[in-house]
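Okay, so subunit A shows up in both of these, paired with subunit B first and subunit C after.
Right, the complex of A and B next:
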């Protein structure tokens, strides 16, 4: 209960807090209200089929299925997390255990910069610099020599592809995953570290012990990184190629939910149900993000409980 | 050397290589932006900041409306977002046991989990459609929502970092709760609070996705009122990078350099603040 003297203060601040509640209420209402027509019309097939047939003629002529963007979101986020994980773990170990003070400070500034740099800058760089380099130095050679392996089977046309989007996302989520792992790493008590080292562990063995001690945090970092990667929009829209495509080949262009929205939402109001389909897509995106970050937060809490700080 | 030592060596080399690989791309990004952007701005001259964008294949022009839009948006969204975040954070810190305050704390962080493009769609649905037009106001609202989680986090941390004795001293002097909060706590925590505001400002400066369906992309007129259409540098880069015209790609690079410089300035200022707080 709020004491009587504080009640006025409480009530003055309450409206500002209420705005934040209202935002969530509005979000829930808008997403439910706007996606309902699409869900009602197409049912589960909205997420299990790959069709994109807009029509201006009327509701009966349109047919949508979001499988391709869902697939693209999944593939690009998985590539990103798989590439970013070893890099983030390495930077944490390097900064915490190996680097001299100055280098450590420098690295930490650079990682902060990476985290804050506007995503559109990554996007422009990805489109104009990274994609051509990837295409001529990675994709083409792999395709020429190893085209019997399905992920390398298709000819990289423009270079904009699942792989390009995944790698660009990896760069963008490294600082984020780094932060999560670093926080847990620092919580491991000194006695554990000393115990490992006094038993004569090499630094490699020491590293393996440390990693096993913060395993929940590593899972959390992967989940939170996946969520981040899935929700990234403009940078991906520039490098993913924007094609409704479900292909095991990483060099093929694709779509993600968010890049689909970025590219087509502005024109969507001209076609019946298209906006609703996109709201349904964003609902999925949001649900996945909430789920991942929920599990991630629980995992991080477990680390904190383990080492009690 | 036995196997364990070899393993250790290989491991240490691998860690260094991977660490460098992790940060190398961002250097390449910076160098590319400077290299490409500098050439464009040199070629276009000071008009790059004063002129309107070019027609396809017709020189370089400038990015004045987008630049003005970015700055105005950052200011407008700060006017909306910062007071809201500040008071919400004070609410969360001052009444830690109250269930409403606990929820505010959780929800203001949960805003971070809403994809930025969905924030844009939300504002489109609640403001753009009812008003029947895109506007600077809608763009600012979307950006204000993006800014809330950052600012509240910093403000909460800053306020919680103030030792309890200062608060007690305030009460012992007979000050009321609001006076203790606004004249003592906020005063002591001002650097942390300022950092939070700067981070929020820097964050919205470069945002693109929340503006896609809210701002209207008028790149030829400087927005004069909150109900005018507007543009931002980030949107200009997004659109021009997708055009087939060489001169528009150049404009995109020049704009990228302008945006990066603006971001770096705010980044350096906020670094200075945090250094002084934590040292």
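Right, the complex of A and C next:
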């Protein structure tokens, strides 16, 4: 029970907290409500087929299936997480264990700053700088020499592709994952570090023990990073190529749910059901996001239980 | 300093500074093989720092500086790779610190695994069992080796840490008040374990302790540290019977 003196204060805060929950519930409700017509019309095929046939003539002429953007979301997020994970773990270890104090603090602030930059900046940088470099120095050579490997099999036309989007997303989620992992890393009490080293662990072995000590946090960072990558919109829309394409080739253009919505929502109202289809797409994102964040939060709690103060 | 045969630990002119503060002041001592040295002294006098200087955990502390020589079974600690010299030694810390994410078994097995001491699973099992027996913990945990260590009592956890250190078959065992945070029953078990180690193995023990009784009960040598200085060092029997230094007298009586 809350002490009497605090009760007034508590009661004044209650409405604000209630509003937040209410807004969230409303958001979920609107998404579900607006998705319903599309779900009712297309059923499961909305998620298992790759078709995009808008028509102004009437409901009976349209057909939609979101498989391509779902595939694109999956592929780009996985590339992003797979690239960002080792890099963020390595930078955390480097900065916490090897970098001199000043350098550590400096880079720490730089990385925090990167996490807060507007995403359109990443998008423009990706489009103007990263994609051309990637195209001429990575994609083209790989395609020329290793085109028998399916992920490298197609010619990188403009450079805008799954790979470009995945790598840009990696750059964008690194600061975030770095932050999550660093927090956990700093929570590991010194006594465990000493225990590991007293057993004669080399730097590398020590690194592996430290990683195992914060494994739940690393899982959390991956899940939260995946969630971020899947929901990133503008930056991806600029570099992913925006094509309804399901291809094992990483150099091919594709789509993600978020970039699809960003690109097409303005025109969606001209076509029957298109808006509803997009709501259904964002409903999937919401569900995934909640699942990932949920598991992530549980993992972080586990870290806190182990080392929490 | 020349290595002298028969000594497990030789310290000469050891000085430690942390952030400019002089913590260990010109300490020198020699411990023959297969003996127990008890290190005593008031809180903050530098006992833990002395242990960390012996196995170079001091390297972890930023802005620390060490001068002087430490020889462990003839190995010059400060001219070798730190991880190689640490493999000669085991350490048990002031508060029990088994790895919370590893099972009881893994906690003991990790040292041998890191150091590639074993070639087969059977050999590892054997070694884990041996270490747990030596730490007098085997009977209590043999049925639940896969449990996480937080299920154990504090005293059991400390014995687990002892087993973890022993599994490396260290020649020098450093113990930082291993019974300081442990109930009397467990304290007795740990003392028994230490004594039987010395009987059966080629091992030498440096034991930091707060309790004069413990020191007198189990040690062969006593070093008494006050404000970083070694004010008294010698055979336990001699020091217990006629301590030369006034501070030692007080400490043995429990007045400091």
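Definition applied: the second predicted complex is superposed on the first by the 291 of 309 C-alpha atoms of A that agree within 3 Å, B and C clash if a C-alpha of one lies under 4 Å from a C-alpha of the other, contacts with A are read in each partner's own complex, and residues count from 1 in each chain.
Operating definition for what follows: contacts are C-beta pairs under 8 Å (C-beta built on N, C-alpha and C of every residue); 3 or more make two chains touch, one makes a residue touch a chain.
Owing to the predicted nature of the structure, the values given are computational and were not obtained by experimental measurement.
> Now for A:205: first (subunit B), second (subunit C), both, or neither, which partner does it touch?
Both partners, subunit B and subunit C.
> More residues of subunit A in touch with subunit C or with subunit B?
So, of the two partners, B touches more residues of subunit A.
> Touch test for A:289: subunit B only (first), subunit C only (second), both, or neither?
first
> Under the stated touch criterion, which partner chain does A:194 make contact with: subunit B (first), subunit C (second), both, or neither?
Only subunit C is touched by A:194; subunit B is not.
> With both complexes overlaid on chain A, does A:123 touch subunit B (first), subunit C (second), both or neither?
first
> In the superposed arrangement, does A:101 touch subunit B (first), subunit C (second), both or neither?
second
> Which residues of subunit A are in contact with subunit B in one complex and with subunit C in the other?
On subunit A, the residues that contact subunit B in one structure and subunit C in the other are 202-203, 205.
> Under the touch definition given earlier, write down the residues of subunit A that touch subunit C in their complex.
Residues 101, 189-203, 205, 209, 212-213, 215, 306-307 of subunit A touch subunit C in their complex.
> Would you mind writing out the residues of subunit C in touch with subunit A in their complex?
Where subunit C meets subunit A, its residues are 55, 57, 60, 62, 82-84, 86-87, 89-91, 93, 95, 97, 99-102, 110-111, 114-115, 161, 164-165, 168.
> Spell out the residues on subunit B that touch subunit A in their complex, using ranges where they run on.
Against subunit A, the touching part of subunit B is residues 4-5, 7-8, 10-12, 14-16, 18-19, 21-23, 25-29, 32-33, 36, 83-84, 87-88, 90-92, 94-95, 98, 100-101, 103-104, 107-108, 110-111, 113-118, 121-122, 124-126, 145, 148, 176-178, 181, 199, 202-203, 205-209, 212-213, 234, 237-238, 241-242, 249, 252-253, 256, 259-260, 263, 267, 271.
> Show which residues of subunit A lie in contact with subunit B when the two form their complex.
It comes out as residues 2, 5-6, 9-10, 12-14, 16-17, 19-21, 23-24, 26-27, 30-31, 34, 86-88, 90-91, 93-95, 98, 107, 109-114, 116-125, 127-130, 171, 174, 178, 202-205, 207, 227, 230-234, 237-238, 258, 261-262, 265-266, 278-279, 282, 285-286, 289-290, 293.
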